[in-house]
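Look for chain A in each of the two complexes below; its partner is chain B in the first and chain C in the second.
Presenting the complex of A and B:
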């Protein structure tokens, strides 16, 4: 319990105003400021680190492995480690379920194709070093950045190996490696899917709720965003899972429709901002904050 | 003259052919699109639980027992804590388990702890029932719900059969809670529908084992409290939907609500029957 009953009631009353008054004076659709660095882990194909102003921090690393397609059920595997939580706890399992489900369903798997028999498999390792609010958005934004900066070695052997037994060989020159975004067919943009967390208080929907706000929310929504569209999976969740939130209640289905409209309005900007981080990062070489 | 054939082994002369009933051709379900599959319900089967329910729908068999309110030791809490544990029987295949299995860590075939799929089901049920139970009435106690999935339909390789299972688990849990006599604001009932994108048709309680084309649909499971203004307490939309708009959403919710109402009226008549 991080808030006293009086604090809870004060916070709830201010969030239910129209427009909501949030403790950090953000508007309803505003994210907390974040700091990010990409491609800094030398031994992985792609990496990203995100830090929020409240000290939440997350590192994501993407590694690729050449596999026989026929032996793999899925070409993406996520693993999540949250410091202070057991790996088999409900909290970590649900994060893992959500991220795996989102990526396996929506990631453009054709970019991972090598030959008719072989393919890349991506291993996405997420490490949440510290977190105060529900870390799913943080995780998925870091995954977005890591995937965007993932580089895979250039294939030099023949693409068609349906007739011959041949293992794929790769160019030794790392400068010739290709970004995942360059391997996507030219007419579409490579933007991996992301998760957006929304809090529900009264009729208000709050983007990216902070820990204090989570304590008084009436419900929470997890929505996915990909290619400038709202996609499935979508579900609701109790964001303050570890505390006894007495405000938690059901919601009007109209609010869920409203959340779609809000996402369509603001999510484009979020993705643009993330792309901006990568461009800025490429331009300035430097330490990892 | 009776000539017997000695070169061949013949059966006895009074042999009768076995009476094998005509093989039933797996008849495509004759259900209309807004019809729910027949279910079998039974409450109070588990003697040492405070409440329990058993439900069978086709291949899906679920048992839920509710333990509580049980007193806890230690510090005082003003509201009961509510927990749900959802488990498949050890050798039952789980829907879509291939995707969520950690291949690198699967050294043994024995499951230790809950799998990711089981955790997801548990957390859906917990979220959906958290609002309905009047936890304030039971300070310093816990309410534990144990769900056992005895059999499940896992023919679909996507999440869809998981959604269907989610629907029946939540309905069964709500019956078990009623049986336990724990005070609730309203009974939670759920519905699950599938919307085919190309034909724009809604299918209630879809049966994925029956040659169901699943590439082109979006599925929704949604739990309601119908007597409290049809408020949504839990929902999960999944499927191959690349652009979800408000109309689709509305349509899915409306039909889920319709199905949850049907299930509720079935439950009501069952419960009325148990009193008499």
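Presenting the complex of A and C:
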């Protein structure tokens, strides 16, 4: 997307004000409104669909498979498909790396344990149907919802099979299946990690930059949030989709600590909102569109 | 203010779960033809089986029967039967005031994205060139076309003519057309723009809007505010401009030739914005959200409605809350209510 020089300078001048004047006059820490629906794919263990007002849309499906632990390097595998982008393109592989890396390093793997030999492996398939701004936050929020609503069948065979040669068997009754959140040890809460994209203009940090805003950002930050704190990786990124972003420049390190404080302040609310939609979804049946 | 709002998707058709009865067979073409005026058809629906009708746009002909190929309303002009789609790409018509973005600079012409099927063409000969009088274009102009307009630049223009393949040719030979500055761009579905005589309005709050017929909208700071800061040379022209009414008058184009000499310097192709106060910027974002809300509510966009929506939005002190669905719906409701009150 190319903006005209006059548009760019107008946008930039607006965003650099204190507080920033965003085109849709969101405050710096405000997300665009989202619509979400969970657990709507009948043939997957967990699913979520999330949509922005501008038509950006992402569907995530979680499927589980029983595997021999000794043969698997990782118990989570992500796959991302972005419509309009090749699977081996930089854009998609960076998204895929980010998400896989985040989940593999910050996931309570013990919930996937079945027996001493066997375990569940989660396949997380993400489909970005359309997007205008950088889709990583959308993807990770949808992944959060899908993982939170993932149900796995109940194991009925013996947990300890180190001695015997036995394959795990499961209860036929889907009503007895358990949510991932019920399988974590009682003292901790099951909250998968999420990514938050921040835009940097001057001293201002903008949550969830829209595609027009992305074009004039001086820098972009990707932070991850897990267990009520900001975790690594924290990385920066040029969010302008055409790479000749003339505004792109280095960033004051103070902004990083500022961004950590911002996330501490507001991420709780984001996670609460996501949890809220899951509870609400369980209670009532509705259309998925 | 909340950081994020996540809602469940709502099913618009929830209250009417029963299928709409499809009655293609019983309802013969004869009957459909009689149901005069506004009849809405869906793709594949039989419009008529009477072969006397000529098949126009949006229809196809199979086994002596005419079907609709789009969802829209049936229009009959003499013997010509066509279906006008409810939505779809903008189709340029001569005289339309459009907003466009340059996509390509070519030999003696620019290609302009105006949301049509094909990019429109803006010939070098149909723009005002810097340097006063309506002069002929020269080779040096051809060589410096990128100094006038380059890729990404936004402009407003008028559709001069339509080529046989449906693509449009534009011109900016008037001072109300040309490069756009001091504002922000947004898109709405072109089907929502109501065609009128005038498409650029001055709104309350020192903001102007150009609602292109193609659904491209430009919100900017009003020009009047600038009159006090413009240089002495342009002041005379500005005064002459102010004395005539601020809107577009038929016949104004002929008067403006003298003004062209004074104003048509390189300034008309400048990329520099004027200084814009924060209050104007805030007002622009408010209008931005109001227009988005009108588009969300599928209301036709007119000057009246933009102003009414703006007045309704003043109830929301925090403009950022206008992006929520409920706020947008209530604004649309307010607009409809105040329209009813005025009758």
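Structure notes:
The criterion applied here is as follows: the second predicted complex is superposed on the first by the 284 of 289 C-alpha atoms of A that agree within 3 Å, B and C clash if a C-alpha of one lies under 4 Å from a C-alpha of the other, contacts with A are read in each partner's own complex, and residues count from 1 in each chain.
Keep in mind that, in the parts below, a residue touches a chain if its C-beta (ideal position, glycine included) is under 8 Å from a C-beta of that chain, and two chains touch if they have at least 3 such contacts.
This structure is a prediction, so every number in the text was calculated from the model and none was measured.
In the overlay built on the shared chain, the residue A:88 is in contact with chain B alone; chain C does not reach it.
In the superposition on chain A, contact of A:23 is made with chain C only, not with chain B. After overlaying the two complexes on the shared chain, residue contacts for A:269 are found with chain C alone; chain B is out of touch.
By the touch criterion defined above, A:134 lies against neither chain B nor chain C after alignment on the C-alpha atoms of chain A. In the superposition on chain A, A:118 makes contact with neither chain B nor chain C. The part of chain A that touches chain C in the complex is made up of residues 2-7, 9-11, 13-14, 17, 21-27, 29-37, 51, 53, 207, 266, 269-270, 273-274, 276-277, 280-281, 286-289.
Contact residues on chain B toward chain A in their complex (touch as defined above): 77, 79, 81, 98-104, 112-114, 116-117, 119-120, 122-124, 126-127, 130-131, 135-136, 159, 218, 224-225, 228-246, 249-250, 253.
If you check the complex, the residues on chain A that touch chain B are 73-74, 77, 79, 88, 90, 93-94, 96-97, 100-101, 104-105, 226-227, 229-238, 244, 246, 248-253, 256-257, 260-261. Partner chain A is touched in their complex by these residues of chain C: 1-11, 14, 101, 151-154, 179-186, 271-273, 276, 278, 281-282, 285-286, 288-289, 292, 296, 319-320, 322-325.
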